[in-house]
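The next part holds the structures, each set out as structure tokens.
Presented sequentially are two complexes of subunit A, the first with subunit B as partner and the second with subunit C.
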Partner chain A sequence: MFVILVYDFGEKRVGKALKIARKYLHWVQNSVLEGEISNANYTKLKMELRSIMNSEEDSVIFYTFRTKNYSKREEFGLKKGGDENIL
Partner chain B sequence: MKKTLYIFQNGQLKRKDNSLYFETEERRKYIPIEDTSDIYIFGEVDVSKKFLEFVSQKEICIHYFNHYGYYVGTFYPREHLNAGYVVLKQAEHYLEKEKRLTLAKTFVKGSIGQMIQVLKYYRNRRDEGKDFFINIIEEIQNEAIHIENTNSIEELMAVEGHAREKYYSSFDYIIADPDFPFEKRSQRPPLNRLNAIISFGNTIVYTTVLSEIYKTYLDPRIGYLHATNFRRFSLNLDVAEIFKPIMIDRLIFTLINKKMITKKTLINIWMGFFFLKKEGKNLLLNWTNE
Partner chain C sequence: MFVILVYDFGEKRVGKALKIARKYLHWVQNSVLEGEISNANYTKLKMELRSIMNSEEDSVIFYTFRTKNYSKREEFGLKKGGDENIL
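Then we have the complex of A and B:
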């Protein structure tokens, strides 16, 4: 499954959220990560984020796709991050 | 599917925030640990014990290659799947001649089957020279019939060798580029461009299979077609035989025929021996992942 994660956390927790998300997904821009993820890891990631978030103030959005086949990704300007597996 | 990470740059690989972190002079990058199945290192990469502990815990193999793209070795984490029973059975199948031969025959059959698949593909696609492919396929099939009658590994190897020779003789027909003549198979070192690409490709298959074996209970030290000895892993060589033609040979034909690999851009020569340049390795790896 391919997911796009967008989050908006309070200053105190934003760093923690980033660290958690980086274990599973590729960082794309500030507060945006994306990548291929298994069902199990998706559940784990959600659980970990829930455990640190303050549901009154913080927000998380996941966009999930079964495949990338019917979607298109356009990018311009400076490439900040993203999926790369040949360095 | 977890991804393979290839590193050509020089830098440091670290454990940071319970994930992977690669740092060079120019850049820093985080790599999701949960999305990484194994790491191939071609550049000068420093790692610490802390890092090795971490990848070991996450069951990630690290494969090292030298400057010329030759396989150096693997950081093979502690066996996480440990069944003495399987090791015993695996050894038993090596020691009992009949059982070993049966397995070895299966590998050879698989390998020859895949070679025929490749040839059939080009037979169907080429307008001219169909007869050539039809002939070669027939010859290889005739050779394959002898597999059943072999009584020793040596005989089996001979049959496989003959089939492979015929298979290789078709390379010059498939590749329509005068810059990449096949001539003959040469390894250690490769003596022409095509051989350099084949060698590098095969290395990748060997290590990929090794990574897969790590995920099973099998012991990569005990191979069946390739003799088990004191030197190296051999089970991965057996299994790789089946995947080499379809994974690597097909890819190489496509890349060369579409002029994506060319004589100048991608091959290095050192004292008369041929090696893939960094870009060449990059390109090949990129496509093996497709």
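Then we have the complex of A and C:
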């Protein structure tokens, strides 16, 4: 499936969160990653993020899609994800 | 159509960007908004954001979908959008 992950973590945890998320997805903007992921890895990613998050301060949203074909992406301005944003 | 907007604007422009985006979409996380939008309003929203953005520093990504039915959303932690995140 295709996943878009947006997160907002406190300063102390944000680096860890990005490190975990990058193991599974491509970084596209400051706190946004996306990519194809298996069900097994999606479960792992959620578990890892939840294990470091402070659920009273941090926030994670996953948008999941059966395939990428349903979506169109338009991007303006600086491409912060570097090469990684070209899927 | 259904739109997810993620943005990353410099400090001087971020308040303006949120103000513009909230005219059209629901705020769900620090720099993430989503919602149903007409083609005409989508064009307006893009124009307004581009008019205030510094394209060497700021970044905007729009994910667009024909309907919301294609997506599933999973959310963990703090609900930063308040009531607005219940669509």
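Following the convention adopted for this analysis, the second predicted complex is superposed on the first by the 81 of 87 C-alpha atoms of A that agree within 3 Å, B and C clash if a C-alpha of one lies under 4 Å from a C-alpha of the other, contacts with A are read in each partner's own complex, and residues count from 1 in each chain.
By our rule, a contact is a pair of C-beta atoms (placed from the backbone, for glycine too) under 8 Å apart; a residue touches a chain by one contact, two chains touch by 3 or more.
All values reported here derive from a predicted model rather than from experimental measurement.
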{"item": "Which of subunit B and subunit C A:S59 touches, first, second, both or neither", "value": "second"}
{"item": "Partner chain in contact with A:I37 - subunit B first, subunit C second, else both or neither", "value": "first"}
{"item": "Partner, of subunit C and subunit B, that touches more residues belonging to subunit A", "value": "C"}
{"item": "Contacts of A:K19 with subunit B and subunit C, given as first, second, both or neither", "value": "first"}
{"item": "Contacting residues of subunit C [partner subunit A, same complex]", "value": "4, 6-8, 28-32, 46, 49-50, 53-66, 70-80"}
{"item": "Subunit B residues touching subunit A - in the complex, by the definition given at the top", "value": "1, 3-9, 17-19, 22, 29-35, 282, 285-286, 289"}
{"item": "Residue ranges of subunit A touching subunit B (in the complex, touch as defined)", "value": "19, 22-27, 35-37, 41, 81, 84-87"}
